[in-house]
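Across the two complexes that follow, chain A remains constant while its partner is chain B and subsequently chain C.
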Partner chain A sequence: MERYLATFGRWLLVPVCLFILGLGLYYLMRILRWDKQQATGLALISPWLFGFIGFTAIPIFYSLYLSFTDFSLFGKEKWVGFGNYIKLFTNDIEFWPSVRITLSYAVFTLPVGVFGSLLVALLINREIRGIRIFRTILYLTAILPDTAVAIIWRQLFNGESGLINFFLSLFGVNKIDWFGNPKYVLPAFVIISVWGIFGTNTIIFLAALKDVSKALYEAAEIDGAGGFKRFIHITIPQISSVILVQVVMSLIGSMQMFTVAQFLRPTTQAGLFMNQLVYTRGFTQLHMGEASAIAWVLFVIILVLTLLVFRTSPAWVHYETEVKDVKGIKNVR
Partner chain B sequence: MKRLCFLCTMLLAVAILFTACGTTGTTGTKGTSDTPGTAAPDGKSAAQGKPSEKVEVKLSTWAGSEEAAELQEIIDRLNKSSDTYIITQDSNPADYETRLTTQLSGNAGPDLFWVSASRGAQFAARGVMLDITDRLSKSGKPAANLDDYYDSAFGPFKVNGKIYALPWIMQPVVLYVNQDALDKAGVVIDENWNWDRFMEAAKKLTMDKNGKSLGESGFDKNNIVQWGFTLNGWPPVQMFIWQAGGEVIAEDFSSSPIDTPEALMGFNFYRELLDSGVVPSQQTIRDRGFDQMFRDGQVAMFMGGAADSLDTKVENFKCVVREVPAGPTGIKATFVDLLGMGINSKTKYPDVAFEALVDLAEEIHKWKVMPPRKSIGSAENMQSLHPERKDAFPAIVNSLEYSRPYRFYQDYPDWDTVFWNQLMDPIVNNNGKPEELVPKVKPLLDEALK
Partner chain C sequence: MGNSIAVFQSKRKRRILVDIIVYIVLVSISVIVLIPLFWMISTALKSNADIYAWPPEWIPRPAHWENFRNAWNAMPFNTYLLNSLFIVVLGVVAEIISETVVAYGFARYNFPGKNIIFVILLSTMMLPAHVTLIPTYIIWNRLGLLGEFDPLVLRAWTAWGPFYIFLMRQFFMGVPKELDDAADIDGAPLAQKFLKIMLPQIRPIIIAISIFAFRGYFNEFQGPLIYLSDKQKYTMTLGMYFFMGGVNEAPKWNYLMVIALIITLPSLILYFSAQKYFIEGITFSGIKN
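The block that comes next holds the complex of A and B.
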């Protein structure tokens, strides 16, 4: 009972402290002559704000600092400048294979993920009998934990009794050692990524498709546009902003591959995904400085690719609030 | 009214703060005790020799539910007999090392913890574990008597002559054999058991569905029902290299002599086993399960740790324990896995934790196969402690005599990552030959040792 109360007390301390901090912030803002509504708003979001600062912002910047040190999780770290980065780029036999497989995986899974889930969304957007049951069944895949998904795929890729090799054998393909032969590791992971098209992405696309005005389709139909033309000239432009979000989110997600790869453990000759390398360096080899450097390189790669996607977006993303004049120049209403 | 609410909240918060801070830290005491970390090395306080009430000592282990239950029985007995400590067990096999490392790094680690040899070497070199050398020499308890331990038992847990953990198990790799299959094939394991005899036996034991052995005319390699042996990176290639007289890390840690003729002989024998047809393909092993194939009678000889106890777990056939084969020149060597138990260097009660460590080690030595101590580890004694495995102990005890752990050092995982990823993974998965890979990988391994 004594131990329970102590634990309960500590547990209770967190919300109470957050409440006090929020209250203090409110009075501080009022003293600084903030509007009452603004001060209340800030006070109300302060628990999240403090959580974000304490558990996200500070660790992010701390990891940046650590990437310039030889921190090993224990003892005092030593400043090594760009040493970790120089070692990664010039003298690390695992780094470039890791970048290669991570980028290759992203390149192949991005179109599969985005367009696959769009196709599924188009399928379940049809108003047919029992469609809600189909939607529910398809979404079930999204709520399964990654480890369970990995177990299912391991069975499917089983060399002797797996369905995939059985299916291929119907076409005369010999048994493939998916996780033992480095040539097949990437294709195997790309196939596994198909699983993701039935999840949250599909639901988001479905919501976007539902939002497209029926009047546009009717007008196009009157003009004689067929199904494919309606899809290309109405559906795609109308949901292009959602496609942009999906591309960015899928890109980030695919670059952060970890659980399934860690669980399936294919031959290391194919290279480790960058997140796996971060984990191995940090927690197995206790080189947290190097692990932080790899994490920051991964962050920069994701940032650059995301910015590239955003830079190209004016050419293919259409927002409802913007119109094009006769010269094709966009104007925001 | 608002001010009153604010005041009440503040008072409540302060009250909770004091309540919560009343019992903090990893170790609690049920009453007055010594000033943390200042007790005499024998575990006694200046006045009375012991804290006036029992101190809680937290123990972290990777034990699964069954093992944890057995360990709890031991802990309960110790807690009952001790008037200085109460050991509380926190067993969680899921991602144990990452969890423990994070706890210790965040100054929230347990007082005592189980540690693998590799992690033990890392922790010892980084000051994560308490130096127990002096305390061991001053303690009169049997588990603190260093002379009673096997020579190699402290290897990973020793840095610059200082001891940082007590080993609680030494598991030599032994050969589990399907005696029924051996009898059927007419294979006898005797004192001349070496690589040639082993390969010959493995071939005889590799049988197709028509009962023909590998090498016999008409042998159907596409319909094998029993393989002679199995390998998937385990057992480690190091033991074959040792049997050939080679090494993978020099004694002074200056280089990796994997290019010596002896080491190459070990690598080549490993590769030969994989290529000769006596071992299932890696894909088959992955699909059917490594040790499961032995349990199911699909593999006739299996190398595993002495504590795997397959001789008591297999029901479909008579499973017996034998020594692994000797090398071509008769050198006997096998790998031994060492596990230890250390004290958190930041524990508040190092002396009480040490007392708990030694008492617990003593009990675990009587529980586990094999204890790292000569006085407990004799074949006769082990047979009386574990009568269900009486036939296995002669081979296990003999194996312990010539068993060796890896040459662990503070950054051993760096070396091991290169060794496994660049050399062994391609060899095992048939993506490279030892003679081609060794010259490329040796400089990388030497670099990892710097």
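The block that comes next holds the complex of A and C.
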């Protein structure tokens, strides 16, 4: 019991501090001639603001600074200029394999994840008998914990007696050492991620589909447009902003692979995902400077890719002038 | 006339055909989704020898129910479960309280810079956690709280779920302004107005977010991996991770699956008992721009 008490005490103290800080901010703004309404608003959001400044804004720059230093958590950080980056790019056997597997994973899972789940959403959008049972089953993949999913798949991919190899053996394929042979590691990860798409992404797409106005389809039908045409000319443009969000969020998510890979433990020859590399360098080898540099490379890659997606989006995203309401969510079950 | 009936009938036939194809595809996908779950339960009940049977056994005979007790006793999972629940309760309570307050501020008050601040808040959703991971770790180290539960729960007070704030703000904005005004006329203080009038209005989203947050804290793996070092303080996920064994060790699959199953249970129970909130929550996330 006593291992909880200290934390619990501090846990009670934090909101008191935040309240006092918020109150202080309120009076400060009042002195600075803000009216009551304005000062209250700022005071109300101040818990987030303080957290943002202390745990996001300052840490971002601190980690950029750390990436130019040699720091082992103990002692003082030593400025090394671009040393960490130069070492990573030119003289680090783990770095490029890590970039490669992280990027290839994102490249393979993104289209399958987004368009696969869109297709599934189209299927369960049909109001046929028993559709709610199918939806309930498909959504299951969204709610299972990553850690349990990883363990199940590690067993399914088991080289000696795994179910996957068993299914393949029915087609005359020899047993594959999925996580022992670097060639098969990436395909295994992609298969697992495909299994996961039936959950979250599908639900979101289904809601978007439900939101598309029925009148548009009826008009198209009267004009004699077939199912495929209607899909291309009505469905896709109407839900394109949701597709954009999904592409960006899936991209960011897949680049940050950590938990599943940590549990699956494939051969290190296949390369660690970049987040795993940050973890091993920083927290098991205590090279905080190097780890920060890797984190920043990952950050820049994600930023560039996200901006690229946004830059190309005017070409294919159809923006509605009026703000859509969210009545679709009532009908997804 | 006869012609149009023929068209109608052929359309009907096509529709039935499409439905049959849809059923076939849906059934196959459902099987693909369910096999891993089935396999988890099946493996959990196997004897050590049955795990490596070839061809694999679908239903273990006999079922080894004693695996449950043995797996649970193989490590101090009682302690781990208690630790996990402790983190969940502290985290969820702090998060819900702070986020409703912050969301209320964003929804109902105007002050200079509000929109910019809100855009910054939303953009933090896209920020990879690893950029701030190391400095955050250093901060907790300076505070002397490494190895404690604190890094996993204290920050919840600072409303650290931008997406949840966004959801609540949307809900607050849907509450009619007249309710506020009526309370203002009555001279109700802010706290009373907030608790008595606003909170009941957004109950559904609070439930949805509590469920999500519960899952988040219970299933969290990386935080405990980095911050907890004392075996007495491990969480369920961390316990399971170390129960898996060393890098080149074959895990005790049946026991491991028992633990995986137990870790899955809270999420499953929540899902089936509050499916409506669950799906509304996820759905909302897609329609955010």
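The working rule: the second predicted complex is superposed on the first by the 307 of 333 C-alpha atoms of A that agree within 3 Å, B and C clash if a C-alpha of one lies under 4 Å from a C-alpha of the other, contacts with A are read in each partner's own complex, and residues count from 1 in each chain.
Just so we're on the same page, a contact is a pair of C-beta atoms (placed from the backbone, for glycine too) under 8 Å apart; a residue touches a chain by one contact, two chains touch by 3 or more.
Remember, it's a predicted structure, so these values are computed and weren't measured experimentally.
On the shared subunit chain A, the superposed partners chain B and chain C overlap sterically.
Of the two partner chains, both chain B and chain C are touched by A:R10. Applying the stated contact rule after C-alpha superposition, one finds that A:Q269 touches chain B and leaves chain C untouched. By the touch criterion stated above, A:G83 is placed in contact with neither chain B nor chain C. Contacts of A:V248 after superposition: chain C is touched, whereas chain B is not reached.
In the superposed model, A:E160 makes contact with both chain B and chain C. Looking at the superposition, the partner that touches the larger set of chain A residues, chain B or chain C, turns out to be C.
In the superposed model, A:P237 lies in contact with neither chain B nor chain C. When the two complexes are overlaid on their common chain A, residue A:L23 makes contact with chain B while staying clear of chain C.
Shared-chain residue A:N181: touches chain B; no touch with chain C.
By the document's definition of touching, of the two partners only chain B reaches A:E94; chain C does not.
When the two complexes are superposed on chain A, the residues of chain A that touch both chain B and chain C are 3, 6, 10, 73, 158, 160-162, 283.
On the chain A side of its complex with chain C, the touching residues are 3-4, 6-8, 10-11, 14-15, 18, 29, 34, 37-45, 47-52, 54-56, 58-60, 62-63, 66, 73, 120, 123-124, 126, 128, 134, 136-149, 151-153, 155-156, 158, 160-163, 166, 169, 195, 198, 200, 203-208, 211, 241-242, 244-246, 248-249, 252, 255-256, 258-259, 262-263, 265, 275, 278-279, 282-283, 288, 291-292, 295-296, 298-299, 302, 306, 324, 326, 328-329, 332-333.
Interface residues of chain B facing chain A in the complex, by the touch rule stated above, are 6, 9-10, 12-13, 16-17, 19-20, 22-23, 97-98, 101-102, 104-105, 122-123, 126-128, 281-284, 286-288, 411, 413-414, 417-418, 420-422, 425-426, 429, 431, 444. The part of chain A that touches chain B in the complex is made up of residues 2-3, 5-6, 9-10, 12-13, 16-17, 19-20, 23, 72-75, 93-94, 158-162, 175, 177, 179-182, 267-269, 280, 283-287.
Contacts from chain C toward chain A in the complex involve residues 19, 22-23, 25-26, 29-30, 32-37, 39-40, 43, 51-56, 86, 90, 94, 97-98, 101-102, 104-106, 108-112, 114, 117, 120-121, 124, 126-139, 141, 145, 148-150, 153-155, 157-160, 165, 190, 215, 218-219, 221-222, 225-226, 232-233, 237, 240-241, 244, 247, 253, 256-257, 260-261, 263-264, 267-268, 270-271, 275-276, 278-280, 282-289.
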